[in-house]
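Both complexes shown next keep subunit A, but they swap its partner, so subunit B is in the first and subunit C is in the second.
Take a look at the complex of A and B:
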């Protein structure tokens, strides 16, 4: 008894903080759940439900105002048989290959130039100037670009006309239209990749360059053997993001060329939009969307797989 | 009773204050979403808030005449009618359908087939009130809004594809205004003459690649189209009642039908070849898809000799600084026929509306001359009432031959609407994506382009 009496305060002393701690932990969890709830509810309503709905409705024929009709895998089968959709996917892949390569090259080149010796105010100016197009509305930029590249009255043809080059059918020839779309897209989007690379370059120790200089390495050798390897983790992130974004291109071709001439600038997301809202075939549009999602996942997986070979974390 | 700490008391007080402020703050609720509120008749139009505001006087006049009906104009933005219709469909799917929608020819059959309520019972019931409207409106415009024997809309405004001409460019080339029945060869010769005197940047013929004013007017005057055009039976109940004495009564039907593609008709290729020649010889532009934004400014600057457009262009040219005698308008050139293309727009009552009677009152009011004058005070379009297309509307703005706008219907009563079956959006996409390939490059491109167009149209028409 006495033992019990004696030991009670000690036990109590030990238990009270534990009970309080558990209570705090519980309260903390509740608070965390409370703070997370809006995000979870938002993701559920605006992301998960639409994903499940589109996965389901891809197996239906649905014009948005009538009752959906189950058609099995017909929507997926018809994708392969439709030459417009095939062309749109090929265009998208070609666009991604060229636009992302150009975006990364331009971003790396400009980032390396900006990091070289120059007054800090000039560096700040260039960083802002390169990022600025990203904050503009893609639709507004595209409308202005369609004026600039107009074959008859556009400023671009007027400028090149000054040096005797005949008017280029930028928007009315298949190759010209795709060139314009790529240029406009890269001009507007390279700012983000550029900022990522600036961040990556800043994290490369200056001592590496100093040491290599002592060993006689300069310019291209330093870039190839120090900058690129140490920048590779950043480049991986930048390229993954750039590819995912480019695979979803819509605004520029929709506003500037409406996918033309012919189908030459029609993209995967454009056919999703057109199938849904022009042809009122929402089930098929969902099916195309799923194919595009799978393509994005595949490309990203391949990138990560390849990154084991080319990305250096140390 | 447990003790309440000062911290807890202050927290509760704070939460209470925030809650009270939040509860009393004016805010949007689900009922504020147009279509969900039950107090107003929701009228959807293509446009922005400014377009909605421009109808304030119309709504006021309607409210004065119908004090028990509240009207809410809902402006919906879209790049074109197709975008607008897609948004209306989304609203229908979301359960927030408007009661009345302003629908252009492009969407007339889509709405008639799926979304709109026929007006047959309403017009028959209120014949005495509405007869004045029909007496003033050309039957071709009404027929464009008949579908399978029923009437679905009362057209408020329209535009035919006439030919705008830069009078300065014509004069410079030594050309007089062409006669009413000028031919496509006369047109070609005029362009050739203007090209010689127009200067480096000058374009004798500017055209855009779209359903209105693109290749279609050239198909119509060549007595063909890219879709086979037939007419529905029925509709006699309407024509006998409202247009019994009209000289064109015999050619009226239950509405247009476009059920099959016709791109491989040799006359279609012939029209494309004519346009291809214009492009190849530098007389006409290569029409960019989605182009045309720069057209008004360039025409007003004198850089364009001719272009197809309707009465909707007058105010734009005036605002761009073009003098009233600096441009003029003429009928589209004759080929095998001189049949014109036109587009029109009118209000449709949605099937889903629970306010159909009120919606009809709105439509009936909008069809009165008083309302149409309030809705169209400027020549931004051509009113469907013949009596409103008068000297006063074009005073100080031009063109000198403004009568061409309405005379198009009288002179060429077989003029027809834009080919717009219920699958219009898909059909239009199929057309415009194949036009450029056909009119640029060699003549050998036309046949394969027409085959591709035929295939794409078949696919488009197959979709319901």
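Take a look at the complex of A and C:
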């Protein structure tokens, strides 16, 4: 399997030889055009044109029926002015900060633990178990979790009731609802971060640990001085990917809380959806989408800037 | 991604790399602690799924309040017949299978063609075109979905299954993956084929394509899993229930049932999980490889 996705620069540099001269080269070009057509035309129609349309129509007021009316930057200004939209962005940023930190912490912890001595079948079992939620649909998971966190008959309250904690209004209180969204999201997605970190951990040479044990370093000290620094490139990639996907959260809050109670779990993508398809204010929906995209780009840029300072590449 | 795949094998050989502390008593204490954390983590990860399966097999009247033991009352499959009466389950299954199957096949087809060209056929502007394709991967679906919805509406396809299928077939990620794959195959094969007088198409069809199945499997499985579970696009693109896919149908069933039988909804959820489970059991390796592909690009 390792050969399947291995990129080999030596081979990449080679080109299809045009041994038979011109006719062959022309045939190659015709083939290239024919083979690329579905993908290039498809991406143009369904991605590039929509991007251009978004960028243009974000400056118009448009309800899809009447003719678009140019409004300048009004749509962008209204994002800051509308309390619901502003709240949604703040929610999203708060959600990302907590969920991604939690996701990274849980993943690093479990990845380190799974490296300890154990039979390989057991390691495979743990790894598969942590990966499993990833293959489920976020919608199904959200349905399940909304039952589990139900205040009156949910299993979660029953379990914490065993140790005497009174029933928590998970989904009917503002803070509780956000906690549930975070937990459900992390539950389903930490397996991916975990997978990346396992890969990073196993590339740390065993000798590094051996050398430091001779110097008397153990446990936490080794983790801090060897594991974390050498893992930092992986952690950077993992956190960028986790942040990008967390910024786009929609399914969980839509299914579990519909954004409530109040606006407490409304997210950026939810307001794009509602502004476009409930309020039929398409121009504003485009503007929100652009702001979200810029946020994603900004996060990525900042992270790579930071990485130059503290990430150790070996 | 090269490193990642190689890491896997290093990992398999050299696990247990974190050295155990020297004193014996502390070792066993620490080992027990570690084992406990892993067991709890496994319980938390698999628990909700096990609970779902068990609850779906309880008598509907009992499942409303989750009180009482899960194991009491024996197995009862009436929720499974129930869910077929509450919603048109066969239609949901059919729609999901059709949409997902066509998207997966379409992505495999278009990605194989485009990936092959980007890997093996040189032409002016190839690098630029490929960068453009890659760049589109960074734009979130949520941003393009509204214009796509308008395009689809303009094409007269709104509220059809085609509205879900067509925009999902061109795949930047699949193209990237297949390009990597074809680049990993030896270039000598093309030279040999050219010497034998094979046309460029023939070289693709008879020499490279038959070797590309593992890569295509990754693209296909990833597409299948993603689109089978997809909720956001179907929510926007379909209006009438006869065009719903499974996740959408289940969420609307949950809404309609209100405080009705939990077991009925969960029976539907379990049914929708079956393909995911199959993918997990038989295609997990492909899935893992596809998900981590391109990390080290």
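Criterion: the second predicted complex is superposed on the first by the 274 of 314 C-alpha atoms of A that agree within 3 Å, B and C clash if a C-alpha of one lies under 4 Å from a C-alpha of the other, contacts with A are read in each partner's own complex, and residues count from 1 in each chain.
The criterion applied here is as follows: a residue touches a chain if its C-beta (ideal position, glycine included) is under 8 Å from a C-beta of that chain, and two chains touch if they have at least 3 such contacts.
Just so we're clear, the structure is a prediction, and the values are computed from it rather than from any experiment.
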Worksheet item: Which holds for A:211: it touches subunit B only (first), subunit C only (second), both, or neither?
Response: neither
Discussion item. Looking at A:29, would you say it contacts subunit B, subunit C, both, or neither? Reply first, second, both or neither.
Written reply: second
Fill in: Most subunit A residues touched (candidates subunit B, subunit C)
C
Practice prompt. Tell me which partner A:64 touches in the superposition: subunit B (first), subunit C (second), both or neither.
Written response: both
Worksheet item: Which of the two partners, first being subunit B and second being subunit C, lies in contact with A:279: first, second, both, or neither?
Response: first
Worksheet item: Given the touch rule stated above, what does A:109 touch, subunit B (first), subunit C (second), both, or neither?
Response: second
Practice prompt. Return first, second, both or neither, reflecting whether A:255 touches subunit B, subunit C, both chains, or no partner chain.
Written response: both
Practice prompt. With the two complexes superposed on chain A, say which partner A:143 touches: subunit B (first), subunit C (second), both, or neither.
Written response: both
Worksheet item: Which partner does A:294 reach: the first (subunit B), the second (subunit C), both, or neither?
Response: neither
Practice prompt. Considering only the touch criterion stated at the top, classify A:48 as touching first (subunit B), second (subunit C), both, or neither.
Written response: second
Worksheet item: Do subunit B and subunit C land on any of the same subunit A residues, and which?
Response: 64, 143, 146-147, 152-153, 255, 277
Worksheet item: Taking the complex as given, what residues does subunit A use to touch subunit C?
Response: 1-8, 11-12, 14-20, 24, 27-29, 31-32, 34-36, 38-43, 45-51, 53-54, 57, 64, 106, 109-110, 112-118, 120, 123, 125-126, 128-148, 152-155, 158, 187, 192, 195-196, 198-204, 206, 209-210, 213, 218-219, 222, 237, 241, 244, 247-248, 250-251, 254-255, 269, 272-273, 276-277, 282, 285-286, 289-290, 292-293, 296-297
Item to complete: Show which residues of subunit C lie in contact with subunit A when the two form their complex.
Response: 1-12, 14-22, 31, 34, 37-38, 41-42, 44-46, 48-49, 51-52, 64-67, 109-111, 113-114, 116-117, 119-123, 129, 133, 136, 138-144, 146-151, 166-167, 169-172, 175, 177, 180-181, 183-187, 190-191, 194-195, 197, 199-201, 203-204, 214-215, 218, 225, 228-232, 235-236, 246-248, 250-251, 254, 262, 265-266, 269, 272-273, 276-277, 279-280, 284-285, 287-289, 291-293, 295
Response to the item:
Within the complex, subunit A is touched by subunit B residues 79, 82-83, 86, 89-90, 92-93, 114-115, 201, 203, 206, 209, 285-291, 293-294, 298, 303, 423, 425-426, 429, 432-434, 436-437, 440, 456, 459-460, 463-464
Worksheet item: What does subunit A use to touch subunit B in their complex?
Response: 63-65, 82, 84, 143, 146-147, 150-153, 169, 171-173, 255-263, 266, 274, 277-281
